[in-house]
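The following pair of complexes shares a single chain, subunit A, combined with subunit B in the former and subunit C in the latter.
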Partner chain A sequence: MTSGLSERNRHLLVLAIGLVLLVGLPWVVDVVTLLELTIYIVYALFALSLGFIWGHGGILCFGQAAFFGLGAYTYAVAAINVGESSGPFLLAILLPAAFAALLGAMMFYGRLSDVYLGVITLVVALILFKFVNSTANETYVIGDARLGGFNGIPGFPTLNWPGDAGSPLMPDEMFYLAMGLLIAVYFGLHGLLRSRFGRIVVAIRENETRAELLGYDVRLYKTAVFAIGGGIAGLAGVLFANWGNFVSPGVFGLAQSATAIIWVIVGGLGTLIGPIVGAVLIQFLTTLLGQQSVVNNAFVLGAILVLVVLLLPKGLMPTLGQLLSRGRRK
Partner chain B sequence: MDFAVVVIVEILYAVASLALIAAGLAVVFGMMRVINLAHGEFLMLGGYTAIVSVKAGINIYVAMLVVAPIVVGAIGLIVERLVIRFLYGRMLDTMLATWGLSLLLTGLVTMIFGNTTTGISTPIAGYRVGAYQLSGYNLFIIAAGFLVMAGILLALRYTRAGLIARGAMQSSDMASGLGHNPQRIYMITFTVGAALSGLAGGILAPLTGLTPTTGGLYVAKAFITVISGGAAVVAGTLSSATLFGTITQVVTLSSTPVWGDVAMLIAAVILLRLLPQGITGRFFSRQV
Partner chain C sequence: MSARGEVVLETRALTMRFGGVVAVDRVDFTLRDGELRCLIGPNGAGKSTFFKCLTGQLKPSAGEVLVRERRMTGAEPCQMAQAGIGVKTQTPSVFNGLSVRENMFLALARHHAGRIAEARTDEALERYALADLRDRKVGELAHGQRQRVEIAMVVAAEPWLVLLDEPAAGMTHEEVDALAALIRDINRRSTMIIVEHDMQFIRMIGDRVTVFHQGAVLIEDHVDTVLDDARVREVYLGS
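What follows is the complex of A and B.
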C-alpha cells in the first residue's frame, strides 16, 4: 500500500469514480453495451470475493467457483419454486456462505496447510460440477425445478422489485443493482478490514503462529473470512444467473475458478481494487480476443498468467502504486 | 466366479491407470515439492504425439513407448528452463505459473489440431472370461502401470543417479558441497517426470478419444492421488492409487462412472482431513 495518495483520498477517488460510473454510464452507452458492462461488474464482484479471502485472509482457494455456482443454482431453483425473487436472492447468498463456513471449519479446524487446502477446494468444486452435470435425468428435481444436468436451467423468474413479482428489473436497473452492490461490497470490505476483526485477520495472514500465541482463535477467524468470501461469491453467482437468465454446470467448472485466480493475481494480491481492475481488464481482453480467430483465447490467458507470476508477482495495481510513489519522490 | 475375475481385473486396471496418470507428477512433486498443474497437459501432449506418430506410419508401440516420452520430456526440459527454475521453493507461485502453462498448452494444441476429437484404436484384441467380454488392452495397462512403478522404485533405490537425486532433494547444500550441481539435478528430475507423463499419455491414448482439453480430466485425479499418497514417490502413489482405484471401480460397477468419480473425490477429501500429510505421512514413511 505505497500509493502516492493518502488512504483517505484514495477512498474518495475510488468512491467518486464508482459513483460517476454508476450514474453516468447508463446515459452514455446503449443498452447492449450496458449489458456487457454488467457482466464485467458481476465478474469483478466474484474476483473481489477471492481477492478478499486470498489477499487478506491468506487462503488460496482453487475452487471459488463452487460458491459462485452454488449461488447461481440456489437462486435458479428457489426462484422457480417461489416466483418472487427477494427470498431466493437472500437464500442464494446465505447458502453458499453457510456451505463455505462448513467447509472452512472442516479444513481450518483440521489445520490443513496451503497446498492441501488448494486441493480440497479444487476437489469440492469438481464434485459439485460432476454431480450437477450428471443430473439430466428427470428424477433429479428440487420442488418444481428440474436440475437439468449439462443442459442447465433456462428461463427461471429473474430479479424483481422487492415484493412485487410482476415487475422484473430492466437491463438498466440490473446495471444499477450490480454496480451499486459492487460499490457497497467494496466499501463494506474496507470497513471490515479497518475493524478489529479485519486487523486480526491480516495479522493472521502475516504470521499465523504469532497471532495464535497472542490468544486469537485462528481457526475461527479463518472460517469466518472464508464464509464471507463464499457469501460474496454467491451474490456474484445470483447476479450472473440473472444476467443471462440461464445457469449451466460450467459455473462450477475449473475454468471459472482459474479465471478468478488470474483476475486477482493480475490485478494485485492484497488490495481490494486490484481484483476489480484485473477482472475488468482481462474480461475486456477476452472480449477483444473473441472477435478474432487467429490466436486462441486460453493461449493468451495462460501466457498472461505465466508472465505475471514471473515478472510482476505483486500484480498490476500494487506495482503501479509503487511506480507512482517513486515518481513523486523524485 | 467369472464375475469375480472380471471385478478383480477391472480393479487392477483402475489402480494401474491411476498409478500411470500420477507417476510423472509423483516424481516431480514427491522429489522436488513442485506441484505441476500442467501435468494433465503433458499427458495430453503424450497422447497427441503417439497419435500423430501412428498416423505418420510409425509402429504403435514405438510411438507410445518411445516417441511420446522423448517428445514430452523435451517439452518438459524447455518448460523447466524457461519457467519452473525461477520458482523453486515458491510452491504457490509454481502452482499458478503451471496453471497458466496448462491453459497455454491447451490453447496451443487447439490452434494446431482444432477443437475436435482424434484417436487411434487399441492394438490388442479382446478376450472372453465365461460370459464376459474383456478388453485385452486393459491387461497391457495393468502390466505397464506396475512396470513403471517398479522402474521408478529401482532407479531411485539402486542406481547412483537415483541416490544423488534423492540426496539433492534432501539437502541441496550438501549435494553441491559434494560436487553435484543441484540446478542440473532439478532439471533432469523434472525432465524425467515430464517424460513419464508423456509415456502415460501415450499408453492411455488408444483408450479414449483425445481433445485439447483432455488434460483437465487427468490433472485432478493425478493431483489427488499424489497428494493423498504423501511424500514417498512409489509407496505413496501405489497405496493411494490402490485405495482410490478400488473405491472408484467398486462404486462404478454398482452404479455409474460419474458416481465412481464422485466417490473417489469424497474419499480424497475425507482422507486428507484425517491424514493431512497423506498416507505415507503416517504409514510406510521410510519408503521411497
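What follows is the complex of A and C.
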C-alpha cells in the first residue's frame, strides 16, 4: 500500500468520518447550511458514479449526465403519476441503469475504441438535452406529467417515508438520506472492488487483451460496470430532483457532465474517496466564489483544474496519501 | 517427442486479408495431440497473423478454424481461452499495475471460485518460483521476469493447448536455456504451437516445424530436414 495507513484502517477512518458527519452535522449547522451540504453530497454521489466507471473500469464517459438527468426526470414524471415515492425512487435508479446497460452493450459488444466511446456518450447526453428541452408543447405528456421543455417540471411530490405519501421528508431527513446513501454506495463499491468481479474489472482496465486471453468476456464486464455507474448516477439524479423539487433540461447538459469529470480529476482518479472530496471541495469553492464579484467564477475553477493537472497529476487524494506515507517513513 | 495423436486443431483454407494485402493465404494446417510445433518464417511471412487468427484476436477473412472438430472460426479470444487454449503474446501482456500475486489470482479465478483460486494462487507462485516477487508490481519487474510471470499465468490455468508468440524475444542466454527446459516441461501435459524467429532456439526445442513464406506454408517437416532445406535457406537469406 502506498499510504502510511493500512487499507483497512483507512476505510475505518472514512467510515468514522462519514458517520460523525451523518449524525453530527444536523446538530451543528443551521437548516440553510444543511441544505447546501445536502447538494454537495448529491454531487459527490454523482462524481462517485463517474469515478467508479472511469477510475476502476477504465471507461471515460463524457455524458454521465445522461443517467443523472434520466434519474431526475424519471423520478419527477413517475412521482406525479404515482404520488407515493417508493416506486418512483426505485424506478429512477433502475431505468438509468437499464439504459446504461443497453448503451454499454451497444458500445462494448460493437468494440468501439475509447475515442468513439467518449463521442457517443457525449452525443447521447446532448440528444437527451435537446429532446427534453424541446418538449414545452403541452402535447408532450407522460401520464399526468407534462415534460415542460425548457421550463422543466416543478412541484412534483418529493420523497416521503416509505409507504406513507402523507409524510414527506424534511430537509434534515433529506440530509440523513443523502449522506446515508453516499456512505452505503461508497462501501458497496468498495466491497464490489474487493470481490472477484471487481478484481476482474480492474484487471480489464489494466490490460484488456490479457483479460480476454485469460477467458474473461470483457464486453460483459464493461457493460455491467457501465450499468452500475448509470444506476448510481440515476440515484444522484433522484436526490437532486428532490433537493430543489424541480428538474430542468440542464440536468442533461454538457456542463453537468464536464463538471463531474473535473471533480474526479481534482479529487483523484482511481480512488473512491477522491471523486467525493473533489466534488465537495469544488462545489464549496464555487459557492464561495459566487459571493464575490472580483473575478469570474468559471475562470477561477478553470485555473484550479489546470493547476491540479500540472502540479498534482494524480489528483488530491492519491497525492495526500503519498505525502502521509512519506511523512511516516521519516 | 512426436506423438501421433488425434487431430486437435485444424485450419482449412484460412485466409486473412488487410485491404489488398493477403497476409495469410489459404493455409491448411493440422496439429495433433501432444505435438510441439514451431512456426517459423522471415518477417512478414504471415506467421503472427496466422497465430492471431488462432487466438481469436483477428477474425479471418475466409476459411475455417476447427478446435477438436468444433468450428471456432472468428470466435472471441475469451471463447478460445474458455475452450482451454492458453496464449502468450509477443510483447509481455500482463497486468502491469497489479502485483504478481494478483496477476496469478486472475489467471486462476477464471476456472475456480474465489476462495479456491485464492488458495491455489500461493501454490502456483511457489511452483513457478515467483513467491519472492509476489508483492511486487509486475510493471516494475525486468523484462525476463515479466515473461516468466506471463508464461506462469498461461500455464497455471492448465490449458491443453498452449500458443506462444516469440517467447525467447529479448531474453538472455541463460533465460533462453531455462525457457527451453520450461517449454519441454509444459509439452509433457499440453500440446504447443510456438512462433519463433531464433533458429538457435528452434534447434534446442525442435520437433516438427512449419515454415511460412509470403502467407503460405512453404514446407512442414522435422526441424533438421527443414533447416537443411535449400528453399528455406533461400527464404531466410534472401539469395
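Rule of thumb we're sticking to: the second predicted complex is superposed on the first by the 329 of 330 C-alpha atoms of A that agree within 3 Å, B and C clash if a C-alpha of one lies under 4 Å from a C-alpha of the other, contacts with A are read in each partner's own complex, and residues count from 1 in each chain.
In this text, a residue touches a chain if its C-beta (ideal position, glycine included) is under 8 Å from a C-beta of that chain, and two chains touch if they have at least 3 such contacts.
Quantities reported herein were computed from a predicted structural model and do not represent experimental measurements.
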- Task: Determine, under the contact definition given at the top, whether A:D164 touches first (subunit B), second (subunit C), both, or neither.
- Result: neither
Which of the two partners, first being subunit B and second being subunit C, lies in contact with A:I265: first, second, both, or neither? first
- Figure out whether A:D217 sits in contact with subunit B (first) or subunit C (second), or with both, or with neither. second
The chain contacting more residues of subunit A, comparing subunit B with subunit C, is B
One more residue to check, A:L254. First (subunit B), second (subunit C), both or neither? first
- Tell me which partner A:E7 touches in the superposition: subunit B (first), subunit C (second), both or neither. neither
Quiz prompt | Partner chain(s) touched by A:F131 [first = subunit B, second = subunit C, both, neither] | solution = first
* State whether A:G110 touches subunit B only (first), subunit C only (second), both chains, or neither. => first
(message) Contacts for A:L301 in the overlay, against subunit B (first) and subunit C (second): which applies, first, second, both or neither?
(response) first
Counting only contacts in the complex, subunit A reaches subunit B at residues 60, 106-107, 110-116, 118-120, 122-124, 126-127, 130-131, 133-134, 254, 258, 261-262, 265, 295-310, 313
Within the complex, subunit C is touched by subunit A residues 195-196, 199-200, 202-203, 206-207, 209-218
Listed in rising order, the residues of subunit B that touch subunit A in the complex are 35, 83, 86-87, 91-93, 95-97, 99-108, 110-111, 216, 220, 223-224, 227, 256, 258-259, 261-262, 265-266, 268-269, 272-273, 276
Listed in rising order, the residues of subunit C that touch subunit A in the complex are 55-57, 76-78, 81-82, 86-87, 89, 93-98, 102, 105-107, 109-111, 113-114, 117, 153, 157
